[in-house]
C-alpha cells in the first residue's frame, strides 16, 4: 500500500460502504479496525460525556456527545486527506503511515476529555490533570493500545506524540496544523455540530465545500494554508465561530451556570480524588459531586444545576467594552481566585447595605479569562501572483474580529446572584458605590 | 380573554418573544407558567430519558431527550391551534379554557414515560404499570399539580382526562384526535426530530407547512381532517413514518439490542421494584439493572448494551414476507413468552448439533408483535364537491402501506445469537431442519 | 489512461478544481473540453429553453433552464461512475473510452429538446420531428461534432448511438440503464432541481447518498441494480416522482395552460415550419407562435399564456378514479384529435343550452395520455442470500404506485373553459346531461 | 377594519390560504386584489427580466426573475408588518391604510427596473431615465393604476410617494426605513434568493427568524431598529451581504461581462431610444442591442455575451488594496468616461509595444464606482438599560466591513482584454511601464 487512496478508511469513504450515520446526514466509514477502537471502553466512555455540558441548560437539545463529535472529526480527517492527496507536495510529505497515524489521532483526539472539562480547566486549579497526561492513561495501555498495535500496526506513542508533543519536523507541524488551527478538522466539526444540536444556524454558516476544495500547504510546507478562492470561506468560518461564542458558548445564562459549577468545584476540589472523578461519565460525575457536597454551600449550587429542579442564578449586572468600560477593564482577565475574593467582598458589602447576611457563594463574579480565543493565523495562497499572504493582511474584518470584537465585546464581566436575592439587590439601585467599595477592598 | 389568539403562549408565538430554541431552528415560546412546568422535577426528569433508547447504539447521535421532544409537541400544539383558530367551526367548538388544557396536555403528554418504555411494554408482562397510572402519579400531586392549579387555573384531572380517558363528547374526541392519529402533533414532532438527530433525512420528508395549512375538522366535527390540497402531504407523512420504521426504529441491529434488553428484563423483572425503577433517569435505570443482574445470565446481556464495551448479538437468520414466508408466518405475532420458549428449544437443538452447550439466553428470537402500526384513519375534505372521503379511499398507496408493506415487509422475524456462536452456527448450513425441530417441540 | 479515476472530469471532481456552481450547492467540474462543449451554440441554446415551460405560470420561480439541468445530469454521470468504479464488474465492463462516451452523452442528452417539447409531443401530430433526429442535427455536424472529434477523440455517432439507438450489447444496455430507468441520472437531477426551483420540498425527498452508495449491477450485468440497503431509498425516489407529478407536473392549473398551448399548436401547426421553429429559444418561439396566430382563435389562447396579461382557462369539471369514475373511464387515454372533437361537441351542446355561441376553442378537454409514467423496473440485490429480486416483488407500495395511484388518481380528466364562460356554465348545474349528449355524438 | 391583523393579505398569511409558492418553500398569500396587480402587464413584464442579469454567465442557474423577487419582498412586507404589529408604538404610528400602501409599495418596488439596470446606471450617462420616473409611467396610468384605485382604494400617487419622494413625516420615514436600509425587506429577500439560485450558501447565512423577532422602532420612532438580542443576526446579515458581493455580484468574471456590456452600451447609447428600449423584456432588449450594433465594434462585445457562443474577455491584471495599492488608488472611483479614455490609451500603448493594432474596445478598464455599498446605519435597542446605540458603536466588525473591507478589498480594479489578446499581452511581462505611460497620458 503506497498511495493514500488505498488506506482502508479512504477506500470505504470512496465506495460508501460500511458506514455509520451522524448528523447532518454524514456517512462515516467504519472499517473493522475503526470499529474496534470505538467499541473499546475508553472510547465508549465518550458516549457518556456531552460535548457542551452546561449549555444544555439553555439550549435543551444540545446534549450531543463527544463520541459523536469524535466520529465527525475522524470523518473530517478523511475528507482533508482525500482533498490534500490531490496536492503533490502533500503526497510527498505525508506517506501512508503518517496518514494512518493522523486518522487515528483525529478519532482519538478527545480521549483525554472529562465532563465539564473547559470550565474546570479555565480555573487553573492545582491538581487538575492535563488533558495530555489524562489521555495517555487511556492510550498507552489497555484495549486501545492493543488495537493500535495489533490492528493498525501503530505504536501508541506515535498517537500521543502527534496529539500533544511539540512537533519535531515539518511533517509533524503540518499534521498538527490540520488538528489545531483556525480551519482545523476539530473546529470544522464542532461549529457545525454544536450549532445543529443547539437548534441555531450560526455555526453551519460557512462554505465547507469551498473551504475544503481550497486547502493547500503554506510556503514552507509545514502548515495548512488556503488558496485565495477559499479566503472568503475562511473568513466565514472565523465569523461563524465568533457568532457561536456570542450566542451559545458565552450566552449569559450559560455563563451563570458555568459560574455556579466553577464555584462549587472550587469549594469541593480539595476533598475530591480528581483522577478517579474525571474517569466517570457525566451523570456519574454529577452524582459524585452532589454526594461530596453533602450539606455544604456547594450543595445548593449543584442542586440548581443537576438536581430535580433547575434553578439558576440571575444576572445582576453586566459590563462590556461598550457598557461601562471602566468596570469591565478592572475585572476582566483576573485569576479565578481573585474573582472569588471579589465575590466575597461584594457579598459582605451588600450584606451591610441590605442588613441581612448574604452568603459568599450567593454572589458570583464572572469575567473573561486571560487567554484570547480567535485564531486566524493561516496563510492565503495567490496562485496568479504565486505568493502567500497572512489572512489578517488581506482581511481587515478578521483582524478586527480577532483583536477587538471577540474578547472585548462578546466576553463580558457579569455579576450573578442567587435568585432569592435578585429583587432586593436590584432595589438598591445603581451598583457603582458597591463596586467601588468592593474593588477598593481588593486592592488593599 | 375570549379569543384563542389571546392565550399567552399563542401571543408569545406571534410576537416571537421569550423563546427557547430547539432543532431544527424552532423557537418555542416560554411563558412564565410554561417555565414553571418544565423546571419542575417531574418534567426535568424527561431530560434524563432519551427519546429513542437503544437506537443510539446504531445511530450514535440519536440521544435526544423526551424533554426536547415534549417542547416540540407543545410547539406543534400552538401551531395547530393557531391554524385551526382560523376555522370558525373550531373556534366555536374549542374555547380558551379547552385550548389551554390542550396546550398543557401536549406539553405533559410524555410524563408517564420511563426509559426503554416501548420495548418493555411490548412484552406485556404483569406488574408493568400503564403509562396513564404512572403519569397520574406525577400529574395529580406535587409541583406540577400545584403549578396547574395556581398558575394555569386548571385542575390536574382535566389533563389526565384529555390524555388517557375515553372522550365523552365531540370536543373531547376532537382534541384527542390532535394528540393521537395519523397526523397528530406527536408524530409530527418525533418523525422529524428522530430523523434529524439520527442523521437521516427520512422523517423530515413531508411538507409540514402544506399539511398544517390544510387542517380542518371532519364532517361530524369530532376529529381532525385534511383539505384535499393537503392529501399528498398526508400521504408523505405516512410514507415518512414507514421509512423511519424501516430504517431506524426496526433497523436489524436496533432489534438485536432490543431483543437483548427484553430478554434481560424478562429474566430480572420478578426481582425488581418496577415502580421505583421506572422513576429513575435512564443512566440510573441502567445502573440499577446491572446491579440487579449480579452474575446471572442477564448480566452478560446488559453488559453488551450498557457496559464499558459495546457487544451486540449477531443476526443468524431473517425471515420476511418475501424471504421464506412460511417461517415468517409461523413465528410472527406470538406472545413474548412463546418466543422465549422457542429460543430455548432452538438453543437446546443447536447444542445437540454442535456438541457443546448453548445457554438459553444466547439465542434470541425476535418477531413482529400483534399490534399493527400504521394509522391512516383520517378524512379528506373536498371543498369543490363539499364532501369528505376517508384517506384510504382516495389513496391506494396508503392502503397498501397500511395493510401490507408495513407489517409484513418491514417487521421481520429474526434470530440473534451471541457473537461467540455466530461462526459455528453459520457453519451448520441451512437452518430449516433446526427450525423444524424447534417448532415441532413448541407444538407438542 | 487505463483507470476510470484518471478521466480528467473525475479527477477534477475529486480535486474540487475548476468548478462551476449550480443549486443546490453542487460543484460541477468544468474541464477545458467540457467548457468547449457547453460554450458551443447548440448547447448555449439550452440556456434559452426552460426546463418546465408552462409550469412557471403556476410556480413562478420554476424558470430554470435545460442548460442548468444538463450540467446536473453530467454531474450525476460523474458521481455514478465514481461510485460504480468501486465495483470490479463495472470496471471490467466499462473501460475509459466507454465511460467518456457516457459522460458526454449525459451532458448532451437534452440537445434534441425544444421549448414546450413534452406537451407538443404528447399530441402525436404528424410532422413533429423525433428528439433523436433533431438532436442528431446538432450532434453530427457543427461545433459540437468538431469538439467531440478534436478534444474528446470521440466520433459523434457514438454519442447518438448511446442516446437513441437500440443497444447492441451488454455494455450498451448497461450504460443506457444509467441514462434511462427508475433511478437514472436524469430523474435523479430533475426531481430535485424542479422541486428546488418550484419552491416545494417534494422532489428532494429521497436519500441521494444512500441510493448512490447502493448502486450495483444486475445479475446479467446489463443493467443498473440496487443493493438491498438502498431499497427504501429507491422507493422514496419513486414516491418523490409521484408527488412531483401530483403537485407540479400535473397541477390542474398547469394542465389548463397545457391544454391551451396544445389547442393553439393544433390549430396552427399546419402553417408552421416546425424544424425552424423548434430551433428557436423559448421567447423567440413564443413570439413566432403569436405572429403566426395573427387574429385567429389561436391568438387568444396564446395571448393568455404569453401575452402582456396572464389569463388562463378555468376548471369547469374534474373526473378521476374516485370522482365519478364512469366519466373518467370514457374520456381518459384517447387520441388528441378525439379530445378536440369532443371539446367541439361539448361547445356546440353548451351553446344550445346557453343560447349563445361558444367557440370550439373556448372549451378544452384534457385527459391522461395512453402512456403510463411510473418506471420501477429495477432489481434489488440481496448480498446475504446472494440473490436478485425485482423491486416490485419486495415492495407492494411501489407496485400500487405504479399500477394504480399514479395514472388513475393523479392524472385526471378535466374540462377547462374560457374565463368569460365559467360562471354561465357553472350556473347550468350538473354537467351529466351535457356530457351524455357530447359523448353520444362522439360515438355516432 | 381597524386592526392590522384584519388586512386581507395578513389574514391570508395567518390562515395559510390562497398561497403561491416560491423558493425556498415560501408561501406567498395571493388575495384577489394582489392577483389583479401581478397579472397586469406592467408587473408580468418583471417575469421577463432576470434579477441578476449577466451573473447567469458565471452562475448559470441564477436566472430568477424580478417577478419572483417582488413576490418575496411583498411576503417580507407582510412578515415585518405582522411582527411589528405586536409593538404598540408601531400600531399607533401605522394604521391600516398606511400599512396597505406599504404592502403595495413592497410588491411594486421594482416596477421601474429594466434589464441590466444596475450596470447601465453605474455609468451615469445622460438620457438614462431615473427609476422613479420610469416606474411612474407604469404606476400612474394603466391597469396597475386602475386596480389600485378600484380594488385597493389607494391613489397611485401614494405609492410613488412612499417609493421615491422624500418622506415628509415620521410615518413616512419609518415606512421608508423598512423598504431601504441595512435590514430592509428588499435585501432580506434578494440576499437569500440570489444565493439560492446561484447555488451558493452565502446570502442565506443569517438568522432571519431571530432578526425579524428583534425588529422594533428607534428612539425617535421614525426608523426601524433592532433589539439587542438581534444584534448578532444583524451583523450576520451585513456580513452575508459582503460575501455575496465578494463571491457573486463582484465576481471577476461577472465584472468582465459587465465591462463588456457597459462598453457596448456606451458605444451605442446615442443611437438608441432608451425609453422604448427599457420597456422591453430582457431577451427582446438583447435582440434590439444586437440589431442596433450592426457590424460596429459593439457587435463583437454583445455577441460574446448574448450571441450563440459565449466568449468573455479575460482578466489581464487586477489591483486591490493589498495587491499593488498604488495602481488601485489611481484608478478606483473615477467617472466611466475616464475609464474609457484610459482603456483607449492603454490599447494604443499596447499596440505600439506589440506592433499590431489593438482596437480600443478590446481593452476594458473596470474599477469600483464612487458610491460605497455597505449600509449599517441602524440602532440597537438595549431594553435592560433602556438605551439605543448605533450598530457601529457596538460592533467593530461592522465598522470595519463598512469602511474598509467592502470597498477596498472586494471591489478591485481590473483590466480585461479580448481573449485573442491575452497570451500576447501576458507575454509582455509586468505591466508597470505600460500603466505608467497610460496614466501619464491621462494626466496630460
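Read from first to last, the chains carry the letters A, B, C and D; within each, the first residue is number 1.
Criterion: a residue touches a chain if its C-beta (ideal position, glycine included) is under 8 Å from a C-beta of that chain, and two chains touch if they have at least 3 such contacts.
Just so you know, these numbers come straight off a predicted model, no measurement behind them.
A.B. asks: Considering B-C alongside C-D, which chain pair is linked by more C-beta pairs in contact?
C.D. replies: C-D
A.B. asks: Most remote chain relative to subunit C, going by C-alpha centroids?
C.D. replies: Farthest by centroid: A.
A.B. asks: Could you grab the centroid distance between subunit C and subunit D? Build each centroid from C-alpha atoms only and quote it in angstrom.
C.D. replies: 35
A.B. asks: For subunit B and subunit C, what's the span in angstrom between their mean Cα positions?
C.D. replies: 40
A.B. asks: Which subunit A residues touch at least two other chains?
C.D. replies: Correct list: 25, 200-201.
A.B. asks: Spell out the residues on subunit A that touch subunit B in their complex, using ranges where they run on.
C.D. replies: Going by the criterion above, the answer is residues 20-26, 39-41, 44-45, 47-48, 56, 58-61, 63-65, 67-68, 71, 143, 196-201, 281, 283-284, 308-311.
A.B. asks: Under the definition above, what is the set of subunit A residues touching subunit C in their complex?
C.D. replies: 11, 14-17, 19, 25, 27, 82-83, 86, 209, 212-213
A.B. asks: Which bits of subunit D are touching subunit A when the two form their complex?
C.D. replies: 200-202, 205-207, 232, 235-236, 239, 242-243, 246-247, 318, 322-323, 382, 384-385, 389, 393-397, 399-401, 404-405, 409
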